[in-house]
Structures are given as structure tokens and as C-alpha cells.
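Before we start, here is the structure in question, set down as C-alpha cells.
Order as written gives the chain letters A, B and C; numbering starts at 1 within each chain.
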Amino acid sequence: MILPAVIYVTYLAFYPAIEAVYGSFQTIRGTYTVYNYQFVFGTFGRIEFPALHLSIPTPIYNTFVITLTALVLQFSLALIIASLLSKPFKGRAAFSALFLIPFGVATVVTGLIFHNMFSTYGGYANSFLRAIGLRPINWTGSYWTSTIVLILADAWKNTPIVTLILLAGMTSISPDIYSQSMVDGAGVFQRFFRITLPNLKGFIVIALMIRGISEFNIFAMALLVYPYQLLTTMTYALYDTVNAHPSYAAGSILLAFVLIFAVIIMTYRGRYRGV
Amino acid sequence: MVSEYNNPRTRYYIYAVAVFVSFFVLLPIYILVIISFAPSSQTIDIYYPYLIPTKLTLVNFINSFRGVGTLLEAAFFKSLETAFIVAALAILLGFHAAFGLNRLPLRVNSTLIGILFFSTMIPSITIAIPISVTFLKAGLYDTSVGLALAQELVVLPLTVFILMGTLDSIPKQLEQQSRVDGASFFQTLYLVIFPLAVPGIVSAFLLSWLMSWDEFTFAALISPVHPTLPFLIYLYASSRGGSILTGASFALLVTIPVIVLTIILSKFIKGGYLTSGITG
Amino acid sequence: MVAKLELVSLSKSYGKIDVIKNLSLEVGAGEFFVVLGPSGTGKSTLLKLIVGIEQPDEGKILIDGKDVTRLPPNKRNLAMVFQNYALYPNLNVYQNIAFPLKMHRRRNIDSKVKKVAQELGIEEILEKRIQQISGGQQQRVALARAIVRNPALFLLDEPLSNLDARVRYSARSELKKIQEELDETFLFVTHDQKEAEALGDRVGVLHSGSFEQVAPYRELYENPGTQWIGDFVGDFPMNFIKNIGFRPEWTSIGDSGEHEIMVDTSESIGGIFFIHGTLKDGTSLILKSLRRYDVGDSVRFSVTRSRTFSEAP
């Protein structure tokens, strides 16, 4: 009974993945080569770190920066919103429906909106800056402002899902523990760091896994609002049905990064469980 | 509950944060609405668009549909068709898989769950390209069925987790009772278990549906010629000029029903569903 | 259709734990047989084996002489009432009772359902949802569902334990009446001695995977086969002085008694006192008494009736 599902994912997920990795070492004539990788690394430039004697291909560097900043931002926001939703207050029902709205807005629609908000011509962010007397910013013109726009758009769309997971964790903590700790004299911050966070660990790891992998795979949003290359957009840019091999190489690098990330998280989860 | 909520200062914080968050949640929606409904001379055609437009119009909508109404219609039905195939297939495969997984010994079961979970980690874009090449040969390229088969990969593991949680909450005795009452294994599965799992099935169906409706990567690579709505909107949004208005109008049309659906069904969309299968 | 049930050397283990060990039993046609045992002694596993939800590692199960050991539950022609009744919550009362008939493709479903509903006095609630009816009514619906298809054997897994005390007594006597009227074979599992006493033609006491003793309840009480039975059966465990066992009421209190105890506590049950005390050597005993004694009193008594066990306590 389970077999159809397992055969399905094996045939349509694992087999093509292996095909991609295998194909990444092949030329169009079927001979073996590492040229695809050289091509991928050579095409989109490198970021130099002279102090560390390190130079990293730009798409890889960008992917890392986006993933890390996006995760930090989303988890901070989600923690705040989840702790809000775990408390009873008037209007909570309305708020808990409202904060879910971005969940129902398609990624590409979100991208479209943020693209418009931050464009130089006809952009609302600059309108707002001018209204409060500040200088407009060329958002898509520089690396850091582009990054900010992308992680904001991504956070808007995806914070609700992180919030839901963390909220599930918070509601699983017995209120008695809070009452007890209050009796024992713990303040708001002590309660947060001594009770909420440790009890949330498992849920945070799960959310980190789900979101982290999606951040590595951020694609539609980046196509719309991010003028630089990520591993995904690079794979797409190299996509060509006639010679798919360079894009196989790019895709394989992405796959490798996702798997390394997953292994790190799993290891951490395992260690946490063992304690 | 003994708590600090009686403290008026804490309550101020709560409301301040709630209002702040609500503002930022609604702001992009507001901008989508004004781009769609205000004249372009107040939105995209000037350097600094009006934060609050002084005039509303339906011209953008009318122009959008006059120009590319049939294209939108085709994309709409393609998205709809694909999403329904994805959701139906997710339930068909997921229900059986979840039932089986719940009854297997723990060791086998965690291996199979591992395989399912692992499959979700494989980046869509990495496998989309080999799949598109295969589908070209198989005649599935650019079809709803082909796209649905690919999108199913994203949806299926999640569906299995949700349904495992649901099926686990149905008392085993009902299943045993049904067998004693003379029902065969499959009669038990479809006449007793399935009706009882309906709430979980509904939420799994909706989530699968929404995820397919939203899916972009496979859509871009496997069905670019006759696009689904997300890819069509992308095509408009990424080009400058008047067509962004078309993109925005389409986007609004696509978004409003889904937001309404999300809010109505928010009780079905729970974080617990995502975690139940994984934490177990 | 009344059938006898035979279990021949059944064994079942989960991993290293032997839950059922070489268990044999014969239940006669039309007998009300009670399986009595504390929790964790394999009662529910035994039921699962008979029903066919689980397969025994060894041994045979025969219903009316026919070997059903390897048959699936739906081919065994028996009915079961679970502790929580396992009523299908998505079906109403009528549909619940009709379910087994539909599954067995029987004819005249409607008249059969109505007939059994009338017999059990639930014809008024046939159209109600399961959630709308009381615990007692649920129990009757579960029973009706079992009776309606006229099975060879009825299995009941603590069906009274979910009822509140008052309903439980009436349900108990009613169950006995139904069984006598039907004249069918019932296998009833419980941990409640009062139920075993009130219902069972014979009672099998399950102890670590097999029957310690099979006998009418009276016999178990008066003439326990082993010390364990003496200890387990009865409101109070049997008293032991060395290997001589006696019930609290098998004593007479008087100054000329041969034994002497110091009173630790005394409890009153319906105007009769049960004195918990200790012999000089530290053995704890319980005596039945018509008057009250205070803590620290010394009481002399004689044993008027006893049973000698071969093994030492």
C-alpha cells in the first residue's frame, strides 16, 4: 500500500536527481568531463576574500547570504508573533486569521508586489521615503539593498508557516509549567529563555529544516526582485533543452548544498535528542 | 490562568505588536489593490506614486481582459486542472501510504518515512530539468498531467504526514470491529476508515491544492508554452511598461479567492500537521 | 446458531515476552464463560487471537469443531463487543446495526434490524446519531449489532466498564437475561470479580498467560486450586497461616480462640466489620466480625474452616 507512493517519489525524484548528477559529468556527446563545473563557476564571477585567501563563486556566496539572513529574520518575527498568539487577548481570532493571509498569496504574486514597491520608477517605498522627507534609494541598484528587498519579500510570504510551527510548539508547553515558574519567581525574560526556548527546540529544528531547504531553493521570488545570481536562478539561466549539461552541474551543486545543510541539521537534532 | 495579562502595560505591548504586524501583513495587499484599481498616472507611470490614490478606475481590468482575456482563461483552467489532479492524486497515494505506514513496524516505517522526507529535500530545479527532458520524449511536456505528476513530488510527503496524524487518531477498535462485522480489508478501509478521516483528508486536499496553485519552479520548466497562472503572472510582471498592470490585475483575481479560502479554512491549516509526522 | 469453542495449546509472544503460554480451553455450546484476570495478564491478546486480529504462534482455535486458526476475522462468524463499543461514529444507530448484515450480504436487513432493536428496547433511537445517545444505550446498540447477524460465538471485552455504577448493575442482569434467552455461547472478559460472579456459568482465571483455574465462581472462592487463586479471588485475599488458607468469614472470634492478633485497622462494610490485624510472628490477617474493635485491641479467634495447600506461602 505504501509502495505506490514510494515508487512514485523514487521514480520522479531520486532517479532524475541521480540523472542530473550523472549528466553533470558528461558532455553533450556522452563523454566524461568536469568542464560543466568549470563553466558554471567561471560564468558568474567570484567574490574575493583576500584576508582568508578565499574566493567563492558569486552565486554560492549569494545563496548563503540570502539563506542565513532570511532564516534569522523569519525566525525572529515568527517567535514574536507566535508568543503573541499563544496569549489570550481580545481580537486574537481575527488576528490569527489575518496573519495567515500571506500564506494564501502566491509566491509569484508576492514577488510582483515587492518588485513594484521597491522599483525606482513608480515604487512605493521611495514614495514613502519622500513623504517623510528622506532621500529615495535605488533599491535594485546595489547588492545590499537588493538583498534586503528579497529577504523582506520572502519573510512576508513565509513567516506565517514558521509561526504556525512554533505556535504548535508553544501550545504544547503546559501552562502549569509557566504558573509554577512564576510562583518560583521567574520573570518574563527568564521564562522565555529558560522554558519557552528549550521546549521549542524540537519544533525550531523542524521549522529550520523546512524553511532552510526552501531558502536554498528560493527561485520565483529571486527571479522577480533580485538582479543577482543565486544557485537556483543560475541553474535556470543555464537551462537549455538542447544542452542541459551545464544546468545539471549547477543543479547538482545546489543539491549538494541542500544535503549538507540537511545533514548538519539532522546531526544537531540527533545530538539534541541524545542529551 | 495566573498571568501577567491582567497587567495593562503588557496588554499595550500585545496590541502594539498586533497592530504593527497587521499593518505590514496588509500593506502589500493594499498596494496590489491600488495598482489594480488606480489610474496608472497615479501608480506605475510616475516616479513617486500616490500613497493614497485620489481616483479609482476599472480601466486596468478592462484593458487587461480585452488584450489577453483568452490567455488568462487558458492559464486559469490549466492551473485549476493541474491543482485538482495534484490534490486528488495526493489523497489517492497518500491515504494508502499513510494507512500502511501507521501499521508497519517502527523500523521499516521510519526508513520509508525517511525516503519520503528525503525526496522533499531534493531541489525542484535540480530535478525539473531532467524531468522536462524525459517528459519531452514521453509527450507529457507542457501538459497539465505532466506538470501535476511533477508537482506531486512537493505535495505527497506532506500529505502523507498529515494523513498519518489523522489516521492515527482513529481508534484501532473501529477497524477491528469492522473486520469482525464481516467487512473485508478494503471494505474496512473505504467504508469505515476513509469517512472517519474526512477532516484530515479535506485539509490535506486543500493544502495540496494550494501548493500546486502556487507552484512556480516545475511550472516554469515543464509547462512554459501554455503556462499556469503563476508563470503567466511572472511573464507579465518581469516585463516593464503597461503589462505590469495586466500582471497585477491577474494577480489580484488569483489572490482574492485564495485568501478568502485560507481565512475560512485557517482552522484546518495547523502547524501540528506539519510536525506530527516528523516528530513521531 | 450456537457453537462451542475450543482453544488448543495456544501460544503467542511479542518479541521476548510470552503473553499467552500453552493455553487450552473448551467452552460449551450455550455457555456463559467469563475470563477473569488482572490487567496485563493477556486478556485482550487472548480475545484478539480468538477474533483473528492476531495470529497465534502455536496452537489451534476451533469453532464448532472447525479449525479457524488461519481465517481472517470476517470469515470466522463471530461477533464482538469492545470495551468502548467501537460504534461507527459516522453512521447512525440504524446504520450501525445494519453494517454487519450489509457486509455479509444478508437479506431482509430492515426487518432484522427492527426486530433486534425492539428486543433490546432501542427502536426509539434508531435514527439518532451515536453522539446523541447515552452510555447505556450505546452498549445496547453494540449488543444489537452483535446479535443481529446471529453469529456462532459472542465475544465481549469488558463491555460494562464504561458505564456508571448504577447503569452497570441493571445492564449486567440484563446481559445475563439476554444470553439465557438467546441461548448462545458468550465469552466475556473482565477484571471485575462481581461481574464474573454474577454472569459466568464458569470462570477462567487468567494468570501470566494461561488459566490458573477454570471453575464456577463459587468453587473458585470456596475451593481455590492454588494459593494465587485464593489470594486473587474474593473481596479480600485469603488469609494464610503457613500453608493453611482461610477466608475472613471462616473464623469465630472468642476468648478461647487458638490465635491472637493485634488490631491495626478495622473497616465497616454494610454494618459488618473487617478487622485487619497482625499475628505475633508478623503475618497479616483479615477477620470478619459483627462488632467493632479499636486499634491496639487484642482479639482471639479460631479457624472454623480451612483449605490446606501443598506449597508453602
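We adopt the following convention: a contact is a pair of C-beta atoms (placed from the backbone, for glycine too) under 8 Å apart; a residue touches a chain by one contact, two chains touch by 3 or more.
Since this is a predicted model, take the numbers as computed values, not measurements.
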{"item": "Central chain (by mean CA position)", "value": "B"}
{"item": "Most contacted chain pair (by C-beta pair count)", "value": "A-B"}
{"item": "Centre-to-centre distance between subunit C and subunit A (centres being mean Cα positions), rounded to whole Å", "value": "60"}
{"item": "Whole-Å gap between the CA centroids of subunit B and subunit C", "value": "53"}
{"item": "CA centroid of subunit A to CA centroid of subunit B, Å", "value": "17"}
{"item": "In the complex, subunit A residues that touch subunit B", "value": "1-2, 4-6, 8-10, 12-14, 16-17, 19-20, 23, 80-81, 84, 87-89, 91, 95-117, 120-124, 126-128, 130-131, 136, 156, 161, 163-169, 175, 178-179, 182-183, 188, 202-203, 206, 210, 213, 216-217, 219-220, 223-224, 232, 235-236, 239, 241, 244, 247-248, 251-252, 254-255, 258-259, 262"}
{"item": "In the complex, subunit C residues that touch subunit B", "value": "48, 51-53, 72-74, 76, 78-80, 82-84, 86, 88-90, 99-100, 103-104, 145, 149"}
{"item": "Contacting residues of subunit B [partner subunit C, same complex]", "value": "171, 173-174, 176-185, 187, 192, 195-196"}
{"item": "Sites on subunit B touched by subunit A in the complex", "value": "1-5, 11, 14-15, 17-18, 21-22, 24-26, 28-29, 31-32, 35, 43-51, 93-94, 96-97, 99-101, 104, 112, 115-116, 119-127, 129-134, 136, 149-150, 152-153, 156-157, 160, 210, 213-214, 216-217, 220-221, 229-231, 233-234, 237-238, 244, 247-248, 251, 254-255, 258-259, 261-263, 266, 269-272, 274-275, 278-279"}
